[in-house]
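Sharing a structure here in structure tokens format.
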Amino acid sequence: MEGWTHLDEHGHAVMVDVSGKEPTRRMAKAAGWITMSQDCYESLKNGGLPKGDALAVARVAGIMAVKKTAELIPLCHPIPLTKAGVDFFWDDPNHALEVVCTAQCTGQTGVEMEALTGATVALLTVYDMCKALDKGMVIDKVRLLEKQGGKSGTYLREDDHA
Amino acid sequence: MEGWTHLDEHGHAVMVDVSGKEPTRRMAKAAGWITMSQDCYESLKNGGLPKGDALAVARVAGIMAVKKTAELIPLCHPIPLTKAGVDFFWDDPNHALEVVCTAQCTGQTGVEMEALTGATVALLTVYDMCKALDKGMVIDKVRLLEKQGGKSGTYLREDDHA
Amino acid sequence: MEGWTHLDEHGHAVMVDVSGKEPTRRMAKAAGWITMSQDCYESLKNGGLPKGDALAVARVAGIMAVKKTAELIPLCHPIPLTKAGVDFFWDDPNHALEVVCTAQCTGQTGVEMEALTGATVALLTVYDMCKALDKGMVIDKVRLLEKQGGKSGTYLREDDHA
Amino acid sequence: MEGWTHLDEHGHAVMVDVSGKEPTRRMAKAAGWITMSQDCYESLKNGGLPKGDALAVARVAGIMAVKKTAELIPLCHPIPLTKAGVDFFWDDPNHALEVVCTAQCTGQTGVEMEALTGATVALLTVYDMCKALDKGMVIDKVRLLEKQGGKSGTYLREDDHA
Amino acid sequence: MEGWTHLDEHGHAVMVDVSGKEPTRRMAKAAGWITMSQDCYESLKNGGLPKGDALAVARVAGIMAVKKTAELIPLCHPIPLTKAGVDFFWDDPNHALEVVCTAQCTGQTGVEMEALTGATVALLTVYDMCKALDKGMVIDKVRLLEKQGGKSGTYLREDDHA
Amino acid sequence: MEGWTHLDEHGHAVMVDVSGKEPTRRMAKAAGWITMSQDCYESLKNGGLPKGDALAVARVAGIMAVKKTAELIPLCHPIPLTKAGVDFFWDDPNHALEVVCTAQCTGQTGVEMEALTGATVALLTVYDMCKALDKGMVIDKVRLLEKQGGKSGTYLREDDHA
């Protein structure tokens, strides 16, 4: 199928071949922060929002987004996920919320994008539920914390301990 | 339909009623940054990536994500979009790329979430296409730059000039 | 476009023409029950399930399913929804849970299918979260409680007072 | 990844880990009834409906919904289905129609939700195609008939012989 | 929003602004042929296929694809469709089947892509259901037959009389 | 599960059982042409289109459509794809563009439909981006060029050398 090589030679978009890779057990964990005004932070933490319990909704949105990753990121491979979850951590001094998303699969390609997509959509859902109170919220430090499995092995972000 | 009031009283999740609102012309513009290693930045800018032309792919991914917003954000209303676009700005000194996403509609609810979702998915797509070179990339400062239309009128972020 | 008439004449599937209809404000409310073992009912009501807080998840699932109705029901028209919500009612004597889903739009066709789909997917989600405890649960009495708007006007189910 | 345990400890929603499970061949069969007025039942059985051949459309809708289960039920794992089908049984005395949906996969988690979702969406599609004649139709007895495979082994509903 | 003009100036992909356009009633009709071996044609016409009644399935697939157009074609606007249908015509001498798809909306942009997408997916579905008998089938002459409404007015393909 | 046999006996639609098949490495390559006016062809080739760089957008659309095949073609099995790509070939004399789509998986069923769907959606995307210049474009000769793997082994279209 020289068509393929041809594509690569010319630097065109392609969903790269992973059929030669061994299916291994893989995990990825990603996180990000959303920072908001103190009033907004308190309403969020105390659950007094017009659209309801933000964290329960954001958690479900994040988990469902993990499953939608290959639909959103054009060159991602569809992956048979074995696990997905979203957790939250409050930071009162900075009135910020951290979202941590973990994804796992047994497959031929990693789940970094799944974890990053789940974290991001959970953060966007928090924004949506708080935006009546504060349109100035900022999503920051969306990053990969850790990955395990696959040929490139383990990655552990140094400046993190989430 | 006291069921509804009941929901609100109890702070449960609900896709809030917008049927009383006037359909008006609305616009929102959101942006975010992805920061990477200098090597990665140069490969991205010079188009030498294994998965191909990252910006063209990220632009399409962002525009398609704008249309998927109501599928991703649980309490977002489906919106008849009239326009969507994604633009990129290079920042050589900080080897960072800024993504700006603009959305428009004529409807009863705003397009802030559409613009934020488009920007975020474009940024995640850049991450996906660069991650073979740099897993340490960070997505930062995802924020609403501007909104127009609707009862709350115009919002313009002060510390921005994108 | 005799093709169309032709289709109807021959009783083939068609997404029927609603372009002649006036856009009016429409509402529909549907409900259904899920009946389970007493143990399962108590775990559900007390939130002690392996998969977590079932009702918060089922509520989000129902609201998101309302938005997916036209993707699931082949001949349903896509509808610009203005409101969607899901509510729950406990029935201790029969260890059963009732789900009520309400949908609204301003459009040319009704939202009965949206309300029924939202109620059903919320019930299925409860099943999913309880099935480790009880595979014998039964979903019953899924029905339209009420509709308002449109040429056929108001429908109110007589034997119901949800 | 204590984040996960943490989630479970606190009873938050999570798509639970199945990576330790053996991939086995699994089957599930679910069914449900829709009961309608005699006039509606006869039109349905004789194919004289405004929207066309209801059963052919409902069958396709059910099969496609089986594939959409993980998109609809938040904590369901995506599953590589190997088989899906929908069958119908008439009950003239009660002017009711039974839908039976069967799903199969070779994987780490069961297909009960797939079979239940397929049956339910097929029933909702019948409702959609008949609702011009009868808005009072009721969907009843949606239940799991049988499952095979997996650690919990075979489940056979006792009071059923579909 | 010079960002937009900027995009156009540089010939980058953009979902173009239609907010200035008047919502008008629009219709489009598209068609295409699939040509197959005589044996395959006869099995298809006589309904003796392993996967079942191909035309009923292809009709539903085409109608559902009309609703999915904006998800598939990156720069298509989401459209509130008011009507969609698929019809078939047999050509015995050439053992070919013609699919005609019609779409309607009242909106700011046309439904040509919706009609073309519906026709194409119906043709691909016929291919899928016949491919066990004939892998050499060819889809030909997929074209716009007619469009009505919008600023550019009526288009009628000259060499067609479907 | 006689229900299944029953379905087959009666020629009803069914997503056929592939659980008995060995997972093998499979490839399929499909192609098709779009023919347009000379002016349109030159604008496309020189990238002077109102909606931007058509080929980059069409390539992404085709790759994403490969992943959506099981959502579009009712009886297609969901497949864990390992590779997908789209390539283009210019034909100046006939002012036509050929799209070639290649798909690979390691699974129990083939990827012919994936390759055909990817090629077709890429062609439709080209149509969408050129239609302001030429509504008379025709999509032709959409066909399977080659398949490898599976029980039926290799298929190579004789009259092709793409």
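By letter and in written order, the chains are A, B, C, D, E and F; residue numbering begins at 1 in each of them.
The definition used in the following text is that a residue touches a chain if its C-beta (ideal position, glycine included) is under 8 Å from a C-beta of that chain, and two chains touch if they have at least 3 such contacts.
Owing to the predicted nature of the structure, the values given are computational and were not obtained by experimental measurement.
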- Which contact partners do chain A and chain D have in common? C, F
- Item | Count of contact steps on the shortest path from chain B to chain F | 1
- Note on the structure: Label-sorted list of chains bordering both chain B and chain E is C, F
- Query: Looking at C-alpha means, what's the farthest chain from chain F?
  - Reply: C
- Work out the mean Cα position per chain and let me know which chain is farthest from chain D. B
- Note on the structure: Check: interface with higher C-beta contact count, C-D vs D-F, is C-D
- Message: Please identify which of B-F, D-E or B-E repeats the interface of A-D; the criterion is that more than half of the contact pairs agree.
- Response: B-E
- Message: Rounded to a whole Å, what is the gap between the Cα centroids of chain C and chain E?
- Response: 30
- Separation of mean Cα positions, chain F and chain E [Å, integer]: 15
- Item | Distance from the mean Cα position of chain E to that of chain A, given in whole angstrom | 36
- Item | Junction residues of chain A - those touching two or more other chains | 7, 12-14, 16, 53, 56-57, 60-61, 64, 68, 71, 74-75, 78, 80
- Message: Can you work out from the touch definition every pair of chains that touches here?
- Response: A-B, A-C, A-D, A-F, B-C, B-E, B-F, C-D, C-E, D-E, D-F, E-F
- Item | Of all residues in chain F, those that touch chain B in their complex | 53, 56-57, 60-61, 64
- Item | Residues of chain A that touch chain D when the two form their complex | 25, 27, 29, 56, 59-60, 63-64, 66-68, 78, 80-85, 87, 100, 102, 104-106, 162
- Note on the structure: chain C residues touching chain E in their complex are 1, 3-4, 6-7, 12-19, 70-71, 74-75, 77-80, 107-108
- Please name which positions on chain A make contact with chain B in the complex. 7-8, 11-14, 16, 32, 47-53, 56-57, 60-61, 64-65, 68, 71-76, 112-113, 116-117, 120-121, 123-125, 127-129, 131, 135-144, 147, 155, 157
